[in-house]
Amino acid sequence: MSTPRHHVVIGSGVAGNQAAETLRQRDPESRVTMITVSKLPFFNRYDLPRVFRGERDWRKFVIYPAEYYLDNRIALRRATKVVNVDGARRTLTLEHNETVRFDTLLVASGASAYMPAELAEYQPLMHGFGAFRDAIAAADALPKDGHVILMGGDTIGLDLGRTLLDVGYRVTVIAEKHTFWPHEIKAEERPLYIEALAKMGFEVIDGHARGEIAAVRAGAPGLAPRRVVFHDGSEIHGDIVMPFFGVAPALDFMLGSGVDIERGLLVQPSLRTTNEAIYAAGDVCQIWSDADKRYHFYHGWKNVRAMGELAARNITGADEPWVPIQDESLQLSADGRIRSPFWEYA
Amino acid sequence: MNKTDIQIAICGSAGEGTIAAGDILRSALAGAGYRIIAFDAYPAEIRGFGKCVARLRVTTEQAYSLKEKSDVLVCLNDDHGIPHIGEVRDYGAVIYEEKSIVPLAEGAHVSAHILPGQVPYPVPIRELSERTTGAVRSRNMVVVGYIAGLFGLSREPFYKIVDAKFKNKGSVAVQNRKAFDAGYDLGAATFKLDDVQFGAPGEMFHATMLNGNAAVARGCLDAGIDTFFGYPITPATTIMEKLASEMPKRGKRLLQTEDEIAAIATTIGAGYTGARAATATSGPGLALMSEMLGLGVMAEVPSVVFVSQRGGPATGIPTKTEQADLNIALHGGHGDAPRIVIAPTNVDGCYRCAGKAFEMAERYQTPVIVLLDLYLSNRYETVALPAKSPFEADSDKPLAKQDLGAGYKRFAYTDDHVSPRALPGMAGGMHVVTGLEHNELGRVNEQPDVHEAMSRKRHEKLKAALSHPDFTVYKRFGDEGQVDVGILGWGSSFGECLEAMFLARREGIRCAALKVVMLSPFPVDAVTAFLDDCGAVLVPELNYQGQFAQLVQAETCRPVHRYNRVTGTPLRVEDIYAEVRRLALAATRKAA
Amino acid sequence: MAPQPIYLEEKLKEIQESGRLVYRSKAMPTWCPGCGYFSMVDGLPGALNDLGIAPKDTVVVSGIGCSSRFPFFVNTYGFHSLHGRALPVATGIKTANDALTVIVVGGDGDGFAIGGGHVPHAARRNIDITYLLFDNGIYGLTKGQTSPTSAINFHTTTSPYDNLDQPLNPLLMLLTYGATWVGQAYAGQPQQLEELMKEAIAHRGFSYLHILSPCVTFDKTDRTYVNLGELVCDMPPGHDTSNLSAAMALAMDTAHPALGVYYKTERATLADNFEEIVRRAAGDAAAKRATG
């Protein structure tokens, strides 16, 4: 009797979970292990703004009950960080000094918030939004009717902003080049969208006009707890400051794996990397496009989920190419409000 | 007020301070005003790598047993922790060593086994210990601190315990405080994802935390024990150890004898002089004592024997619990040898039974066996002991005083069948006590009428013990009147019976539980009345034979259902409840 | 010089006036006529009387056997316990009440077969009791079986092909166990027996008196009065009772059982040690109070 194949999935987001489920269905005898740095089982990141509506029980965010993992024999390893992948030996090393052998590996580790180097030193004064605990911390720091400053304002941040406005907070967006990321907007259309933001209730400050953000500082006595200082010397005050400068692939642990990397893991349309046992899906990978002869990132939960499923199918014997399924263009609705396809998840 | 009901388990090897961590945790939480039930499991090996598990249940309401599921598990050691992951409930916390210093094979780390419903808390336990104390041996203090920090407990009760525990050990207390603080700070800063909530202790429960054996020792001391004789045997030894340190402070004497035969012989020798004397042993020792207990019966000499049962027979399983020595306690030895046998059901009961045993031994001039078991001996509970001893200093029937003259009859027939004693040193009371059948004077006599009369005297005098003052012979809990199912329990496992009864009542079953503390003489009227109130009766106990069930059936001529386990571990509340439910359903079906 | 005549009336008067009769019970000994044990039941009252120890302050403890019936024949407190268990019962009595004079009486089977495990511990603890061991080399109460001190080739009902087991040497054992007073007497020399009993009881610590006796009923061949009378001898001149090696050498000469004190020494008794422990515990408690 041969030992069952061991499929390892790194990441427990939309891509990773879709992949794990597909692997289980298509290869019933195999072992499926999902490894994640998160302490929580899979929850939908897009649901996180609900924290600001007072929903603070993480159990209400979780997509699957605990039995799902047991019933599907998906070994869910949480609070576990992969520090190295050895593509030749097909092993990966966990930070706590355990080695795990895999037959196939799917990297679906996603992306983490991008922080411009010049602002990195001010990070302790900012509130992140990557994990459940970050959302709780931000909500805890925000007084009733408080004022939130969104730096940049990518689609994740603007989505949060919509909720914050709805709940009654004051929200300022410091618009700069990452605003609306990952949507690519023509320069001439940009004022329309900025105007739309204002129509939606955001207070918009033109960061570029003020010489870009220079620093984030604690507020002085008698003032709000935080201030954002611009290079022109002006500053604005708020209760919390949140960076939304887009995201960067989370792939440090792949640097020694031997697979090709540019900004993300480079994969064929089959989602296979340059190692035949290793695939990638989601925000962590750049997919080769035969049409325009370059690698593309694809975002949005529908795309990401489709990638997870495709990678799992190809790992288990299919040979199908990636076809994006989601339109990524930003639109203005008839009433002048912004609509991002990435917000359509309800 | 938030009701608190939290069970914490700490797993590790014997050398990792696992039991000490449990001790500090339960002591501090008791000091903070919570109620505690705690029971540790550890291997027979003295040191080394044997697996230890310290478990404590922390409550604001009175609880009677450990819970099936723990709310928090601490793994000081991957190998020993992994098998226990399953006992943590969903949304409970698993705290473990974040990193291994040696490379691990796949699956050898605790994190590989944490179930999807549980909350993982990796903690750099070793690193914090080394950073704060320069050594790894304070890992246990780091985790105690981490728990306190994570659950927002006050540091003060922990400092108090640490300072007291390491008082005479130089800088150790300071080092341990540092390790505790490092764990505490990290725990307090940790984002809490479990749903384990410590409510305020509420109305301060002013209690002492003792295990069953320590409570026995306290009972002995409060009853004014004069002499103690013993031979080391698990799990009774700690009674002797505690008394060895405490009795000399009161000018009293303790002797470690050469074997159990000597232990009971010295005890009876001391009892013969009028001293309050006791010994403590386990099943193997009781077997050796059986003949001498018969002499105690025949010579009508007071003696108290504490028996902490363990797994048997022969050497058996010395470090596991069992209730299989009921038969030998009741009947061990040859001949018609009646004695008083009482079995406390909890730590408070250990104290009371210990003290009362001296009263009864003296009052009825008989050996009294107090039956505990490993689970009760080693189980810690918070108990509120009386400030002043509730025990009589002297329970002897008024002694034959001064010059007794030639007519003194040591074994005189009396209304209550108890004869006034003369003690060595009393003028004119000279007599011989003997293991041979004898007449009222104590002279050897084998006449049929004498043997019958003396046998009657020895049996009948014990019946008064069923109404011994201020002693709970039996007690009923739960629904009054007719019930669907009754649970009849004794000894250490009654706590689980009681919890199962509560569970059954919550599930709509009319249920009552009767605890029987005095097993000999047997409260036959009370037990029969209880059985007649019950549609069906379950007798759960930790032995294969159903020794208590046999006793009950023989005494009451009523059928009972048995539930017997010999796993070496306490009964499980859920298992008892399942039996109760089965009996209740069967009754319903029969009625329909 | 010709022996002086003894007049019965004078002797009775002397005995009555001596006070020793209050130590005798009214029970008639159950022993066979001619039994060596009669000299002992006579010796103990004399010894106690001479020492001035009141009957009410005396406890005679025994096990089971012919000699163990002893407590019934003296008018003191008595504890007729179980076969082999007299020493631990006595240890309990003495531990609980130092004021009592505790005397253990037993035979060779009781003390060195079934009860053999208790002897070393009573001796090493140096508990202040006296152990009178009546050795007739046979089980008499059960009608004549071999005992641990029976001679090789001794013929009994349980050794119909003769006893082939090496007998124990109780004197040598007690010397090595750490008894602080060891002596030997012979039932056929009652005056010396009484003197030795007196000395043993007066000794502060554990005293062991080995008493050679015939069993006139079941041993017609080995330890008869005739044979024992020829074997026993006086202590060698100049025997040093403080010399343990010399005492052991004497004990090993089983062919010539010497009568008298083999060895005596002084060291802390069990009661002394109990008191020391109480003192130490009090110091401990005081120290705790000082730092607390």
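In this document, chain identifiers A, B and C correspond to the written order of the chains, with residue numbering beginning at 1 in each.
As a convention for this text, a residue touches a chain if its C-beta (ideal position, glycine included) is under 8 Å from a C-beta of that chain, and two chains touch if they have at least 3 such contacts.
For clarity, every value in this text was computed on a predicted model and none was experimentally measured.
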(request) Indicate which of the five shapes (line, ring, star, complete, other) describes how the chains touch one another. (result) line
(request) State the pair of chains with the top count of C-beta pairs in contact. (result) B-C
(message) Report the inter-centroid distance (CA atoms only) between chain B and chain C in whole Å.
(response) 44
(request) Please report how many Å separate the Cα centroid of chain A from that of chain C, as a whole number. (result) 95
(message) From the mean C-alpha coordinate of chain A to that of chain B, what's the distance rounded to whole Å?
(response) 56
(request) State the interface residues of chain C toward chain B in the complex, per the touch definition above. (result) 27, 54-57, 59, 61, 64, 71-72, 75-82, 85, 87-97, 99-100, 117-118, 120-121, 270, 274, 277-278, 280-282, 284-285, 291
(message) List the residues on chain B that touch chain C in their complex, please.
(response) 167, 226-227, 229, 245, 248-249, 251, 253, 255, 257-259, 261-263, 265-275, 277, 291-292, 295, 299, 424-436, 443-444
(message) Per the contact definition, I'd like the list of chain A residues that touch chain B in the complex.
(response) 39-41, 58-59, 65-66, 68-70, 75-80, 94-101, 133, 136
(message) If we count contacts the way the header does, which residues on chain B are in touch with chain A in the complex?
(response) 90-91, 98-109, 111-112, 114-117, 119-122, 191, 193, 195
